[in-house]
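Comments concern the structure below.
By written order: A, B, C, D, E, F, G and H. Residues from 1 in each chain.
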Amino acid sequence: MKVVVNGEARALHDASTVAELASALDAGPSGVAVAVNDEVIARSAWTTTALHEGDRVEVLGAMQGG
Amino acid sequence: MKVVVNGEARALHDASTVAELASALDAGPSGVAVAVNDEVIARSAWTTTALHEGDRVEVLGAMQGG
Amino acid sequence: MKVVVNGEARALHDASTVAELASALDAGPSGVAVAVNDEVIARSAWTTTALHEGDRVEVLGAMQGG
Amino acid sequence: MKVVVNGEARALHDASTVAELASALDAGPSGVAVAVNDEVIARSAWTTTALHEGDRVEVLGAMQGG
Amino acid sequence: MDDEKLVIGGETFGARLILGTGGATSLEVLEASLVASGAEMATVALRRIDPTSQGSLLGVLRRAGVRLLPNTAGCFTARDAVLTAQLAREAFETDWIKLEVIGDDKTLLPDAVELLDAAEQLVDAGFVVLAYTNDDPILARRLQTLGCAAVMPLGSPIGSGAGIRNPYNVAIIAEQASVPVVLDAGIGTASDAALAMELGCDAVLLATSVTRAREPVLMAEAMRRGVEAGWLARRAGRIPRRRYAEASTPSEGIAEWG
Amino acid sequence: MDDEKLVIGGETFGARLILGTGGATSLEVLEASLVASGAEMATVALRRIDPTSQGSLLGVLRRAGVRLLPNTAGCFTARDAVLTAQLAREAFETDWIKLEVIGDDKTLLPDAVELLDAAEQLVDAGFVVLAYTNDDPILARRLQTLGCAAVMPLGSPIGSGAGIRNPYNVAIIAEQASVPVVLDAGIGTASDAALAMELGCDAVLLATSVTRAREPVLMAEAMRRGVEAGWLARRAGRIPRRRYAEASTPSEGIAEWG
Amino acid sequence: MDDEKLVIGGETFGARLILGTGGATSLEVLEASLVASGAEMATVALRRIDPTSQGSLLGVLRRAGVRLLPNTAGCFTARDAVLTAQLAREAFETDWIKLEVIGDDKTLLPDAVELLDAAEQLVDAGFVVLAYTNDDPILARRLQTLGCAAVMPLGSPIGSGAGIRNPYNVAIIAEQASVPVVLDAGIGTASDAALAMELGCDAVLLATSVTRAREPVLMAEAMRRGVEAGWLARRAGRIPRRRYAEASTPSEGIAEWG
Amino acid sequence: MDDEKLVIGGETFGARLILGTGGATSLEVLEASLVASGAEMATVALRRIDPTSQGSLLGVLRRAGVRLLPNTAGCFTARDAVLTAQLAREAFETDWIKLEVIGDDKTLLPDAVELLDAAEQLVDAGFVVLAYTNDDPILARRLQTLGCAAVMPLGSPIGSGAGIRNPYNVAIIAEQASVPVVLDAGIGTASDAALAMELGCDAVLLATSVTRAREPVLMAEAMRRGVEAGWLARRAGRIPRRRYAEASTPSEGIAEWG
């Protein structure tokens, strides 16, 4: 299936979860947050949240700012 | 009956209208506006608007300001 | 003889006067002042003031300024 | 004899010196300077500087300032 | 100059000074000040009538031939301001309103939230809204977007005479505006009025600085010329500010002495 | 206003703006600027004549009917300034001199020592000395005591357009002066000129801000009105500056809503 | 000093300087700057992760032992700001949020309407909200009333280094506040930071002035001392400003010469 | 910092704050203020001795280990200043002198002419002259050329607490100087002291702002840190001032919402 991750198209195998995506992106054990279709996904729900065709995923982390 | 005009109690004969009150206050043909119980009374409706016991009437005119 | 007029060398015939130099420079009847060797020469003295070899002459007029 | 010390008349026995006056004023071993008739008297000259009738003496010391 | 008139709410004004009437010690002084100021619009407040002394203020304003600009001074809520505007419309037969909604008795500074609410209601009700606002460029843009006929940022608190405390913000508001910008509050003296125009404002509204000056009529005249001076200067294109000098007299051709 | 004319060196002036001529791009523009400014006095410098282009500057100034005020621009010593003043007297048949003695090429700031020396020599030689000075009140007092006809403190460096950097000193100079005080240098725009007058100056002398403006003639007009505005405002007696607001619309008689 | 600590959201801070991390040229410089600044809280933004370079910023901040203050930089609407705050809470395990909702790309000035909306939502959702606001005292009061833990007025636009353009408004905000006031934006140099504290602010938040200084670590140290200096000076009670002099050396006892 | 000490008259100072002693309410407070300020030099005046109370001021200054800097406060002529300096040399066994020659009782502003005369005489007589001057760059240069060990321009009149009224002139003086520049007069609070250093001064001399603060010892500490902050900030190289914003948080990588 195809999803959009941080603004770029990305092919994932079916039934991928947020946790798997985060892992693929090398997201560490903390400091990262995920939203799917403008909904925040708590870290505790990453393993149980499946992604679907066309989902817009934002994977965000710390950057200098402010 | 008793009404409150510009913050002060005032006795009026029953069935007084806004127009009569305005006249009693020497309000001229223009430059004055009236509200009864926080509702604006158009000048055209002054003669047909009866006052009632306890009405709060504001009779306002031009003053230097601003 | 040679004199220096407004910073530039200039050959004059012997016995030249300030008046002759001013005239040669098209200096009008007013608006011009002359100094020779750092001395102011009054206009009334132009015709009687002879120049000498090596004199430094400043011929000055109005310019926008200030 | 009479002298003026710091703006006030003061009677001194004849042949008084600056050193004696300073001592009378409790001027310490340092921190004080003396002028007589607008002349600075070096401390080394205090004992040898006699005062005379009518001398104006300024005896100055440290004060907060600046 | 003739071809660059001030247009507010579809109406054209030759004068760029608007006079507030508050504080005048007598109607005679007010009338003379109006004339001296050259103003074509003047504010008026709405207050409970005093049977002993009504009427003549309007007479003065009519004789001066100025457009009335009722205000909502003293209102703290959108609801009071809207009600006041409606009553002013009845009393003075004009849709024009100087909208003031303040948030504080001590500073008389505008309350952005109530101001926006009132502005929206009044624009919807057909008023020509000239909105007194603080010097916040984003708020000014919102007022403009809502349909206000003019935005009127303050220079400093009403009546303070403290001039224009943040000229940068006033300049930014003027740069971004598509409706007239009127500097409204804080002017203390003529140079303040000139500066307002130089910063890009289209007009200046002031009251206290004239009415409470030692000589109000003289100050009215001063303000008129100050506004004209600033308006001309802006159009004339000022020289840049430099840190050091730039000789106005050329050094070429300078005499040399021995 | 008629009864409060500016008097310098025994001569009366209706206008309180003096125009410097430096920097004008053409004599036509200069002439139009002079007219628009209303100035009755204008400066002129003395430089080596250029046979190809002499004469017409004086023609312009004569047609404009202004009094000539020759300057000593570019002089670094009392001796050069005195010599220049003497030559100017010969050339322009006037005892009036704008005395400039500068200490530095970059700032063109006056040199107090040479300035005082030159002022003393020129006063003794019968000149009417208008002395360009920095904003030092003590130096200004010394110049006045020497017999200068006017003291002319700077607002900021010549041609910088940086306005009046130390308004306090200018105000102190004006308070203490018994001869006219002319703000001379640094004016950038009309509000600066108005401010100078409000601070207590009797006149303003400016050149670059007009001659190098994008539209010199418009700016000349702006400056004229700015000076008038400031002069009127000072006489009108401004309101005090306050930290907080002071309502111009009274709160008495305000309507009360349920 | 020990007994007058800064308390925000129930937490006590010894340092009154908060460091923004934006603009640092390297994490090493940032870390050294943090140490030099003495800051106990630092901002962090939330951006799309870059797989090639993640992680170490948090490491730096943890080593420095500072509290994380995520921001909502770049958000133009309440909705985006709230979403960003929620994600920051997930990512950084903190309820604290520096709320920025801007109205304009060029000025980065706050949008009062969206800001208030977001503040209300975030306070309701249990966040400790430090609200970046303009210097509008009425808006600041509204933010406080909504339950913000701190109000953070700007001195001038973010990153402008233009200092505190309207010190009066900042002082009014500080006078009226019952929650800490943090000057947040516009600081350019140490005297600006000192001035902020002297005006009544409880702390200063700055980033660009340190991270983009020629020597960031030195500037971090300068800012630390500047904040301390201003804080001490305010508590010490400054002398009044006078127009004229007041001798510090007494004239009594001065010698008299003949 | 260690390698950039202040050197005046061949002597090295670690502290860049010099304390004037005038105005302290007691010697105890003065002593504590000296310690808190970190000053290594302090001024002292010369006045007629008061037999009832002499001696202890010098004791305080000696205990504090500071260098004495006698002043010529109250002198209006070169002659009085020279005489005072000579007496100070006798009394305090130091060639160092803070040279003040004032022209006016109300402003206490320096008199350029008498100041230069006195400076020349004192330099010739072997004094180390630190000259209090106004903010005139040309005068400052003359003092330096005469051989003064430091030039000490005022920010505003002595004791006025009005800060630095013309920062441009102070910056120009500092740029051009080859001897140390000490800001001496007008400092009101810590941000003023920081600003003086940022403008390029090498040190700050102040008295009233500490001695007459509500809490002198606290203010002395504030001033110390203010001077350090400004000195560090200048060396750190501040960011430029901008009219508009410059984001400190990058917009790259910002999340996008549907």
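As a convention for this text, contacts are C-beta pairs under 8 Å (C-beta built on N, C-alpha and C of every residue); 3 or more make two chains touch, one makes a residue touch a chain.
Keep in mind that this is a model prediction, so the values were computed, not measured.
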| item | value |
| --- | --- |
| Clusters that remain linked by touching, chain F excluded | one piece |
| Comparison of D-G and D-H by number of C-beta pairs in contact, larger one | D-H |
| Chain F-chain H separation of Cα centroids, rounded to whole Å | 34 |
| Separation of chain C from chain H, taking each centre as the mean of its C-alpha atoms, in whole Å | 54 |
| Cα-centroid distance, chain E relative to chain F, in whole angstrom | 31 |
| Inter-chain centre distance, chain B versus chain D - centres from mean C-alpha coordinates, in Å | 91 |
| Residues of chain C whose C-beta touches two or more other chains | 6-7, 35, 38, 58, 60, 63-66 |
| Chain H residues counted as touching two or more neighbouring chains | 20, 22-23, 45-48, 71, 73, 83, 87, 107, 109, 162, 168, 207, 243, 248-250, 253, 255, 257 |
| Chain E residues touching chain F - in the complex, by the definition given at the top | 20, 22-23, 45-48, 50, 71, 73-74, 79-80, 83-84, 87, 106-109, 157-163, 188-195, 198, 207-209, 211-216, 218-219, 221-226, 228-233, 235-255, 257 |
| Interface residues, chain E side, partner chain C - complex | 248-250, 253, 255-258 |
| Complex contacts: residues of chain D adjacent to chain G | 6-7, 35, 37-38, 56, 58, 60, 63-66 |
| Chain D contact footprint on chain H (complex, rising order) | 20-24, 30, 43-49, 51, 54-55, 57-58, 61, 69, 71, 73, 83, 86-93, 98, 100, 207 |
| Chain F partner contacts - residues on chain H that touch it in the complex | 103-104, 107, 109-113, 116, 134-139, 141-142, 156, 162, 165-166, 168-169, 172 |
